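A short worksheet on the structure shown next.
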């Protein structure tokens, strides 16, 4: 998640081996995550899937789960301080050892996106906006899948088709919440909770991006602070040459004045 | 849209011909957009419209669609780098070639407003607030028309009159979402999705405008940054005249001291 | 409204007579507004009010309406540029000449609060927070009254008691919008629209106040900008005395050097 | 509450005895609050509790209420200006003397968390985010308990189990508000009102934290203000040594020039 990454960016960074591993594995990890999403999505969107394909999807998901587990173990081994690594990445572990909640594993996909985040150099405001938009679309899509998986076939549930699930996810992430559709199972509500949190974070990112841009655009102080720095550099240059000149003069004047005060020059 | 314009404002600007074309066509384009909105709105608000008027509205909308297409082609021809122009304006093209979704064309009207945006010099905070307010009213009006067009006459729909559609749009753009009214068709929900996004952007603009204003008003740093710049200019002047004076003196003193150190003056 | 006041604060301020009038009338205007609110609220909260008291309330409301009209005329006469005054205060006039919408007159009470706003010196962040809180409570109370006035006794309405109306207003201003209660009349929905807008403004004020405070508290730049200004003042003093000293020395050195370079001193 | 603490931080601070008392009592107070929460939660979550345990919980809650009252009295006695203390802590008193509303006492627990707030040195942005997250979880848990306590067993209520109450609280604090569940009693609605307010504050804290971080990260002015301060320190040092040098030279030159201008040196 964007803010979490940013806020804990004060973490100790002497993790060269870990970083190299991440750089090497990011493309395969992204591919595996995309495959996982596909294998998760297909049987949910198409309930009349053939038993063979259903099994293939299950096998693919299991394989990728093993892969993610192996990646975690390698990262743990590479980490300079393992206990700290485990503490910082407790969520990765939780998802790996709690595989009964299939929908939780989707969160892992979003976390792989988090790896991308570090590569994507989020130093430009426009990139943050684009990244937040892409994350929102992915979160809504995953939440729709997960809630449909949890709710379909449950007595009393109102979310029964994928378009309905997408509509529900869109009304939820924006905190509109009409209430024409809502989850009734515990797992569906857990998915909704993740979606609420993502919605609040999304609203926050939109507003904060605009706010930082407006502060730059409208606030006199911001502009003048940048201008001041430029002027400051010039002034420092000015004073330095003044001092050099004086030192030079001092040498000459000192000769003229019979070396008086020569000991006090720094 | 306000933020999109702002965030991509780093685009290369050597498009004098394009700019001149825009300046020339902005008034006719606005008029055409208003006419389009009228021709779109009338048959929706008044379902008992005479067949002749209905046909007139259809003809007007088709004519304006052709006009917008011609405008796109002219702009494409005027653009210095056509491929980049097409990439940056992919949304214009999408709307032009996807005319089966009539409601999407309303988005074009709002994009024409986007042209206005560039003229309107959004450099004052109050202008941004006014512009956001006007955009919100227009978006709510267009969304009410589009959702009514999509929902009326569909079995199970609850939005059946224009006042109801307006009420629904207002509860949606503010993310209140009572749920007494909600769209049930795919097209109606697509309209709602656009409206959600506009609502979040609107909330963001309101909050960000206030935040940048409060930062300017309350934060000591802002005020002192502006004051510092003024003082900095004075100080630089001071140091410069000090140096000039010293140089002058140096010339005099140099004579007195028998030209000592004369070679070291810059 | 807070933000409107602030954003248009660039208005030309040579309105001494107008200001004096406002200072004189603010206490009676506040009292009249409170009386108006009481006379408006009583028959709505207590539907079984005696006919005599009902009439008394009507008379009081009419009297205060006349008073507000007189105040408008006096202010119009005192204004240096009357046309500009009328343009800037178009909303006051609208409410005065549109008295069929009784609920709109409640807005006037909030505008009287706006007068108070100018007195209350909203230069401290804590004051803005307090003022926004008080305004939110007043807006919720007025909206509950107005919506109950509009909805009670209408077929199909669900807001029928004052506690229900208060609950509805609270769920609306915070944009929660459960949808257990919602207005069904045009006037009730107009009240809701005002309440939505107030809700968005309220959310914006809360977030913006926190944001400006966090920027001050957490952002190094802010603190250092203030510190820089202090240091800048010291440095300027330093350079000035350096120059004065040099000028003094120059005079001495000039004498010693036989007045060389004396013409070049500024 | 976070913002309230921060906004009123201008309060006169010569309250050494009060601070010492708070430091001594914070751990027992936290323990008492946790015990109170447990004793409050148990009979609500488990309606089939044995009568003996129910009584034990009631006794524990009464005991802690007495403890909180004693703490208030000690703090009142220790305060340098008692009247001001009572005014600033009016809410503590209100909760103590209004014990018929059991759910209100939960607010006290959150206020004890407020004490912690002062200890937790909320000077880092990440700490504020963590604190806000923890407060949100606690508020949602307490609100779920309180609303279930108020609603269960009331005719027409829809919140009847603890999972439902938690779900309702989560949809409310995020201002989603589906409306599948909502309180119908006056006490339940009061709880909802507190939860709305917390939700708005939470949204505000999330957005404001992000905004202050984005302003630091993206806005040139911020960075250059910090850089300027560093440069300013260097420049001031430069000018000071320039002046010292000049003074030293002046002494020498003064000797050479026959003490001319010696009276003008500061």
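We just call them A, B, C and D in the order they show up, numbering each chain from 1.
In this section, contacts are C-beta pairs under 8 Å (C-beta built on N, C-alpha and C of every residue); 3 or more make two chains touch, one makes a residue touch a chain.
In this text the structure is predicted, and so the values were computed from the model without any measurement.
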item	value
Winner on C-beta contact pairs when B-D is weighed against B-C	B-C
Chain separated most widely from chain B, comparing mean CA positions	D
Equivalent interface positions on chain C and chain D, same or different at half	different
Chain B and chain C, separation of their C-alpha mean positions in angstrom	27
Distance between the centres, which are taken as Cα means, of chain D and chain B, whole angstrom	39
Chain A residues counted as touching two or more neighbouring chains	125, 175-179, 203, 207-209, 211, 213, 215, 219, 221-222, 224-225, 228, 232, 235, 239, 242, 246, 253, 256
Chain C to chain D touching residues, read off their complex	125-126, 129, 163, 167, 170-171, 174-180, 202-203, 206-207, 209-211, 213-215, 217-222, 224-225, 227-228, 231-232, 234-235, 238-239, 241-242, 245-246, 248-249, 251-253, 255-257
Chain A-facing residues of chain B, complex	3, 6-8, 10, 123-125, 128, 172, 175-179, 182, 186, 189, 192-193, 196-197, 199-201, 203-205, 207-209, 211-213, 215-216, 219, 221-226, 228-229, 232-233, 235-236, 239-240, 242-243, 246-247, 250, 253-254, 256-258, 260-262, 264-266
Sites on chain A touched by chain C in the complex	175, 177-179, 207-208, 211, 215, 221, 225, 228
